[in-house]
Structure formats: structure tokens, C-alpha cells
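Chain nomenclature is as follows: A, B, C and D, assigned in order of appearance, with residue numbering initiated at 1 for each chain independently.
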Amino acid sequence: MQKTLQRPLYGIIPPLVTPLLDNDTLDIEGLERLIEHTISGGVHGIFILGTTGEFASISYKLRRELTERTCKLVKGRVPLLVGITDSAFTESLDLAKHAANCGADAVVLAPPYYFAAGQPELLEYLQRIMMQMPLPLFLYNMPTHTKMTFAPKTVKAAAEIPGIIGMKDSSSDLAYFKQVQFALRDRDDFTFMVGPEEFMAEFVLTGGHGGVNGGANMFPKLYVELYQAARNRDFDKINTLQQKVMQISTTIYNVGNFGSSYLKGLKCALSVMGLCSDFMAEPFRRFNEPERKKIEAALNNLELY
Amino acid sequence: MQKTLQRPLYGIIPPLVTPLLDNDTLDIEGLERLIEHTISGGVHGIFILGTTGEFASISYKLRRELTERTCKLVKGRVPLLVGITDSAFTESLDLAKHAANCGADAVVLAPPYYFAAGQPELLEYLQRIMMQMPLPLFLYNMPTHTKMTFAPKTVKAAAEIPGIIGMKDSSSDLAYFKQVQFALRDRDDFTFMVGPEEFMAEFVLTGGHGGVNGGANMFPKLYVELYQAARNRDFDKINTLQQKVMQISTTIYNVGNFGSSYLKGLKCALSVMGLCSDFMAEPFRRFNEPERKKIEAALNNLELY
Amino acid sequence: MQKTLQRPLYGIIPPLVTPLLDNDTLDIEGLERLIEHTISGGVHGIFILGTTGEFASISYKLRRELTERTCKLVKGRVPLLVGITDSAFTESLDLAKHAANCGADAVVLAPPYYFAAGQPELLEYLQRIMMQMPLPLFLYNMPTHTKMTFAPKTVKAAAEIPGIIGMKDSSSDLAYFKQVQFALRDRDDFTFMVGPEEFMAEFVLTGGHGGVNGGANMFPKLYVELYQAARNRDFDKINTLQQKVMQISTTIYNVGNFGSSYLKGLKCALSVMGLCSDFMAEPFRRFNEPERKKIEAALNNLELY
Amino acid sequence: MQKTLQRPLYGIIPPLVTPLLDNDTLDIEGLERLIEHTISGGVHGIFILGTTGEFASISYKLRRELTERTCKLVKGRVPLLVGITDSAFTESLDLAKHAANCGADAVVLAPPYYFAAGQPELLEYLQRIMMQMPLPLFLYNMPTHTKMTFAPKTVKAAAEIPGIIGMKDSSSDLAYFKQVQFALRDRDDFTFMVGPEEFMAEFVLTGGHGGVNGGANMFPKLYVELYQAARNRDFDKINTLQQKVMQISTTIYNVGNFGSSYLKGLKCALSVMGLCSDFMAEPFRRFNEPERKKIEAALNNLELY
């Protein structure tokens, strides 16, 4: 039986990091701590196997194990969204079926990311995959990684396909996402979530539903409170809390000169905080001691915990 | 004598289109109408020779003539900002000196845009050009056209150079611009203006100073009122007015399949509205009749005039 | 027991298309015909599961089935190279082990293609994956799809890792590949293969070892003869044969306005020629009748069969 | 009177660096030495105000002065090509008229490079500018700097416009340039020149007409001999000389981590060789002592002078 998700879905849904002991082994205790930490912090859902969850770097076996374990640990306390992005149609579908069997609430899908398709092809792909999709689905726009964008008219057409219930945009291009929202202005059941935490508050202030923000792995309360402040139009609070978010963005995500500095910094911070291992799946590496020191200092300066 | 500009500068500053009769001739009457239209619409300044003003496509002679005529027509009623972006240092400086002689209030500079420089080179370039700069200067971030971005730390260092007083960001990446703002959070005299009108309100709601929005050529009152609504945190009004802006963004700027659809649509609409010629400088062409019909229909649907 | 591959490997190695009946079913008869067609055409090896083989779009089950069947059909008549590119380290390794068990001769690996790594990370990744790699490996440079390039110094360092025996470059940037070759000028056992068939002859004339050219699926003899002509410095023959290759490049690969026109055209032509099905894995679609007519006409104009 | 240029034009045409004493002053003696050095080295023409000539960074006054002086210094000994690329139609045309008045033989034009046009717009732009063009014109393809490519069909159409007599391609994408050549295979009067020196020999071996190679500023004889060897199909000589070119490419052009390493290295080497000043126009800087030492060592290792 398919569960009923609130439509639209509101709030803060952390894109959970995948705690790892080595390239093929989950840090199970870390996973449990992380889930309890975020849920007790008030998050409105959990999203596993996104970009922050290193979905593309870990084996299918591990993706399935993570899905199972997370379902069991979350126990329905908040909606669980599972990433099923893959370059192969069949693998995405199999991941979705597995997620449904485990009891997940929805899946999240970015375009096939090796050989970029055109917009008509992308729409047909969505139509076909939805014919067998066992769970509601969020589109995931991530052009830096997939080399393509869901055009606003593609999203508009996709939103007509039964089962497609929302979109997460990680393009950082708010003009684009406002165009998508405007194209779907008559669809008040369609969920719009924004990836970049730097402007989650602005997005929520004018009608966005929430944020899939990496920082909520570390400080779920901060992001939940910022979201609530935006819902309540409490500008003093927004200002205070957003300063913290910007501090995180410009320190913890900004150590070293890596394309993956965001992810390295986030995992390192979670390790410093005692939440989970900072091991990163191939081809990435955890921070060494000098960078870890910088993360420690950045965490201390935050005065958040 | 250098005039004193309000710091920070607030409000709506339209990036004026350059009305043309042919590739080398200003539409002088159109220019006058456009200036009166925008000033009477309440704009807080005027910016000529930006991307919307087709600065790069028109001759230096014409750029100088436009600067002179605009200064005379504006007559100090609002601050006048003049674009001096050029791939050649000397030409930028000469344009700045000419603008100062004409009585402009400030200049606006994007990075040299043929051969992209590195960040340290860009900072040194700014240091050197500011040594002879006769007017206060706004940085202009426009990565799609210049192939480079002002890194937040470059802006932070540039803001220490006397005379650099603000920044216009047309990257459409609000996470980036929030990082720049955060880096300069102690500089409450530094102006932050955003190019994309689709999220100008959001930007102003949380501390941005205003918008350099192309649509204000057509409907200055709309953008000024949206800006005021954002300043006043009047969400009902924001919502109503932003719907109009989004309608403009997704219709008038979205006819045909051109990289320059925004500019073609904007000039065409101004012509339909009787404000100025829609001639475009090389290598672009004005819309033909079928597209013009679509613009007319889009304007009618707006119910704004 | 690991087989011994000729070092360097010379000649034409078609990147085999994957004949499909539907998204999850091999066109087994088509596969057999294609293998016999190319081997009888004189090719010096066969490469399955490359970009042309739609590796990223088909399930792991199908990749394994294709590997097994191809090994059995090739029966050691020519070296068989198997693509193991994946965004997940473990999956690449499993595909390699499976290929070794099936009796393949070598594997081919592009960088993990979802989240682009830096050069030091890429080199470490290669070092780690080679520790368990059961077969010799060719690097596969494909920057349009993987969003990263093997820097010449990375290739130089990678060539020191036991088991890395060559490189295929599909960047189309011959200046780059000449730099890589120059960096390895002392390594006359290292194989350099070029993807784009348009300049395979030029590449071979000055020391390149051969081509992994898609057109050799259709016309293996043409490419083998062009390769031989380049080896023999027979310029009249090069000129005549290269005209055919250019005709293929500018007609068969150039129908419609798709990012995937090359692949659609190639599969369509193979279908017109009666070699295999033109079904394409998701998210792509085979050509419709109007485009197929163009392919038929282009094939007729070639006067090659 | 328009001079008659050989069609096609053959050989090595160095894109001359612009010797500068400061940002607005030519190094006149350096210019004279450089011209004598290259002409006595056997070059088949000289091209000023290309990317290597820092055309976009120097003032129009200086561009005109350079054109005049170069014409006088060359004295018709070899054809003189003058770059007229500009983002403004009128400025390009004025530069062309000035070049004609000075006695130049041809002009060279890349697309307007601030706001990228579409292919139909680009073709119309060429048609219009050629109506007033006083000299024969070479198209200049430079996508990294202009953000657009001349599509093969655009070149084919442009080649029908009277006065457009050839093309220089600096895309480094030889598959692309072979497609352009193939599209114009019936036009044996149309000149094809390649920018990247790394594969100039390959390009000439199969029908290309020559190279516009930066290294010919330093070592004109080397490039002329390599060109001749390619024309003569003397593979031993090609191999020997190309090794030197590759050594230049991977050392002199490869110091530091700058987007402009090529140009910095080239100007530095010319200064070390006593040919001209290494001053670079804004926003670039000459190499400091540590990098200059590396250039000196690289020059010594070349054993070329």
C-alpha cells in the first residue's frame, strides 16, 4: 500500500550523508546517531542517496542496505525520500521498487547523467519510468552534475504525469526556479524545495515549501528554526539565523580548493561533532589533519553546540 | 568635483536600453521618452551602457554621445551610472573620464571579457584602474558574458580600494551573492544590486539594496512598487506584483529560441509601447512581425498599461 | 591466467553498439551479425560497453550478459576490451572481475562521472582500483560526458601503475592528446587510441596506434584500410578513404538536432544495413521514418556496400 | 587598390605578439626586431592583433599605430594580416578601413565576443560587414574566448560571400575543422589555417594550408621547416621537429597555473631571447623572476639557438 504524503511537503529535509567505515561498509552506528540527531532536531523528512549522500559512488548493494536500515531506523516518524538517480532506467526503477518494499515514502530522480538527453527525450523518459513507479516522485534538478536542466515547460508537462509530486532544485539559479514555480502557479499541491541553504529563507518567504539543505545534517535545529522564522516572517530571527548559515557556508564548506569542499567539510564536521565517520567513498578522500583543524575552529566559532 | 552618491544606493535602477535608429545612430526622441518614462515612474537611478544597453555592440563615438545626451536629459534628477566595461584598460578609463566630464555620478565595470583573467590578476587590474578613476565604481558580475566570476574574496579585497562602492550581480546565483554580502557584512556603505528581476523582491527582503532590472524600462512603476513592497514587507503586494514580473519574464523575454530573446523581447515591447525604436545593434536583429504579434499579445495580457 | 595483449595495441577497434530489442533485452542475433561483420572486416579488436555501446543506459545484468555473449562469440579471434566505467568504484571493479572471468583481454575506464574529482583524487582512485584489477586497463578520456579531463601529468603518473597500458582519447582535442603522447614519449609500450574518426589517419601518420571509431561498426573495411593507408603513408588512398569517412561524419552522424545524433544515426544505419536493431536504451529513441529515410539516402550516396 | 593575395595562402604566419613598454606604449625597437626575426626566419606572412597580439587589451589608438608601423616595417615582403575582431561592428569596420589605408593585405575576424549570437545572426552579420569591407577577410574561430563556434554550414555559406577567403581555427578540435574543410571540399581557393602548433604538421599532411602558430614568434625557422617537412612528407624530419614543438608546448607555455600561461611564457621567452619586452597589457602581468628562470631553463633545454 502506497502511503499518503502531505502535498505539498513542507519544511527541512536534510539530504543525509552516508556514514561509511570504508568504501563498502556502512557506519551503522553513525547512521543511527545521525538519524536520531536530525529527527530530534525537528526535521520534516529525510532524504537519503542524494548528491550529499554520495549515491553515485557507492555500490547498489550498499544503497539497498542503506535504504533498508534507514527505513527501520526512521520508523515512519518523518517521511523518508530515497534517491534513485541512475544513468540506467532499469537500475533506477529497481531502486525505487526496493525503496517501496522497504517502506519509503517517495523517491527522488535527477536526469540520467552520463549522456545528456534533450528536453523531449527527458519528458518521454519520465513518462515511461512513471508507468512502473511504485512511489511518488520528486524531480531533482542538478545541472552541474547532470549537464542538463529540467526546462520549465518540461517540469510543467512532467507535473501532469501521475505520481510526480514535486521538485528539488539545486541549480542555485533562483530566477530559474521562480520561473518553474510560476509555470506551475495553479498547482498548489506541487512541492518546491530548494537545495542551497544560503537562500532557503528567501525562497520560503515568497512561497517556497522548504529546503533540502546539507547543513541540517549538522545543525537540524538551526535550519528548522530558520525555516520557521521564514514561515512566520520573523525578520529579526531570519537575520540572526541566516548569519549562522552563511558562516557555515563560507567556512565549513570552503576549506581547501576542491570541487568537493562542501562534502568534505560537511563529513569532517559531522565526525568532529562525534556523529559519524568522515570516510568518503571513492574517488574522494576525507580531510587530513590540517584541514580538520580548520573545521574544528570553524565549528567552535559558530557557537552553536 | 566628484558628486556624492548616497551610500548604499537603494532602489530600482533600470539598465536603460539604447534606442537606435540604425547601427550608428541614436533614436534621440526615443531616448528622451524612455528617460522621462522611467524617471516619472519613480526609478532611483539610471544605468546606461550595460548589457541591456548593448554597450559592447555600439561604437565608442555612440557610447560617448549617449552618455552626453543622457546626462543632459536626466539633469541630475536621479543618479546616472555609466557602463565602462571594455576588454581594454585604456578604453574603460577614457569612457570613465568622459562620463565624469559629462556629469555622470558613477561608473559600472565588468571584468575584461575577451581573455579571462585569474582572480589575483583581476584584483590588481582593479587596483590599477582605480588609481586613475574619476568616479565611484560599481563592480558588475556577469559570468555568462565575461567567462569569469568575481570571487567573494576578490570582492572583499576590492571593496577596500577607495572608490569601489558597490556591486551589481547578474549571475542569477543567489547563493553566490549571499556569500559576497556575507563577506562584506561589516560594510554597510557598500551597495548590493541584483540583476535578475525574478528574485529582486526576495533579495531586498533580506537586506539587498535594490535591482538593476531590465523590465523597469517598460514598467518602472511596477518594479518600484515591488521594491517598496519588499522594503515594507508587504507580502500581499509582493505576491501580486511579482506575478506580473514573472509573467513578463516568461512571456516577453521568452519569445523565440534566441540567446538574446530577453533583449529582443524587451526592445520590441518598448517599440510596441511607443517608447522607442526596436532596432538592435549588430549582430542582433529586431523581431519580425510574427514575434512582434506575440509581444503585443503578451503586453495586452499583462493589463499593466 | 591473464592473457598477454600486444603492447602497444595497434589498429581499428570498433566501439561496438549494443544491439537491443527493448530496454532490457539484447538483440542476440544482431550482436552475432555485428561481431562477424566487424571481425570479417579485419578489425584488430572489439570494445564493448563504451559510450557508443550505451553502457551507462543499460542494466548491470545486461552488461554482464553482453560481456559473456561477446566473449563467446569473439572466441579469442581478436582482443576484446570491456568498458567498466561507473560512478561507483565497487561496481567498476565487479564488472572488471566479471569480464576477466568471461575471458576478456582488457578493460577500459573513464573517470567516475557524476561528481567530478580533482586530478590528485583521480590519480589516487586509479592507484586504488588497480590494486584489485584483474585485467590490463586503458584510460578513457571523455570530457564532454565525464566533466573532467585526465591531465597529461596524471596520465604520465598513471602509466607508472602496473596494469595501465594505454589510453583512448575522445576529447577531439588533438593538441591535448599530442601533449599526453609527448609526456609518455619514452613509453613505447603504451597504447594511444583516438576516438574521433575524422582525424584517425592524421593521428596514425605521426605515431598514433589506431582508432576506436564508431563508423567501424558499419564499415569495418573502410576504417581498417584507412588505418593501413596511414601506416603505409599512402596519401592517395588516405585522401580517397578519408572522404568517405567525412561523408559519414557529416551525413549519417548529423541528422536532426540531437546531442545524440551520432548514436541515433549509427544505430539507424546498422538497422538499414540489416545488421542489428536500432532500438536505443532509455532515455534515447530510435529515429522515426523521416530521419530513417535520410539515413538510407546517406548510405546510398556513400556507395560503399 | 586591393592587393592580390595568393589563394589559398600557404605556410607559417606567426600571430605576432604586441611588444609593449607599458600599457599604452609600443616597444618599437622590439617590434622591428621581431618582424625582422620572423621574416628572416622564412615565415609566409604576419598576423597582427590576434589573441596572441593581445588585441582586446590594447587601445584603438595603439592598434592603429601598430598597424601603421608594422605595414611600414614589413614593406610588402610578406602578406600582412590584421585582426579586426571587436564586439562592435563599426569599430571592426573602422579598423579594417585603417588597415587597408596602411597597406595591409587582409583582415581577420572572430565573432563579436561579448553577447554570443546564433548562427543565422552570425551569418547575417558577416554578410553586412562584408558589404563595406575593403580587404579580403579570414574567419577566426576561437570558441574559448568568443563563446561560440562557426558551425560548418555557417562557414560554407560565409565562403560564398565575396571577400571571405579563408579561416583560421583555434578551437583545437580537429574533427570540427575536418568537417569544415569537407564542407568546402570544392573550394580549392579557400585557405585553412590551424592555430594549435601541436598538430600543425598533421593538418598540413592531409591538405591543410598552414599554421598561425605562436611559437613562430620565437623560432620561425623551426615552424617553417616543420611546415615544409609536412608538405614534403618527410616523416623523419617531421618527427624530429615536432619533438621540439612539443617541448615548447609543454614547457614554455606551461609555467605556472594561469589561464594565460601560454602568452606569459611566450612573451617572457621573447624577452629572454632579447627580441622584445615582456610587458603585458592589462589585466595580465609579466612573469616574475622565479618563472623567468624556468623559461630560461626551458629555452636552454631546447638547444635551438
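Heads up, the rule we're going with is that contacts are C-beta pairs under 8 Å (C-beta built on N, C-alpha and C of every residue); 3 or more make two chains touch, one makes a residue touch a chain.
Everything numeric here is computed off the predicted structure, so don't read it as measured data.
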Most remote chain w.r.t. Subunit D, using mean C-alpha positions, is A
Roughly how many whole angstrom separate the Cα centroids of subunit A and subunit B? 35
Using mean CA coordinates as chain centres, what's the subunit B-subunit C distance in Å? 49
If you look at subunit A, which of its residues touch at least two other chains? none
Here the pairs of chains that touch are A-B, A-C, B-D, C-D
Quick check on the complex: what are the subunit B residues that touch subunit D? 23-24, 51, 54, 56-62, 87-91, 94, 111-118, 121-122, 124-125, 128-129, 145, 147, 258-260, 263, 281-285
Subunit C partner, complex, touching residues on subunit D are 152, 172-176, 178-179, 182-183, 185, 196, 198-199, 201-203, 205-207, 233, 235, 238-239, 242-243, 246-247, 249-250
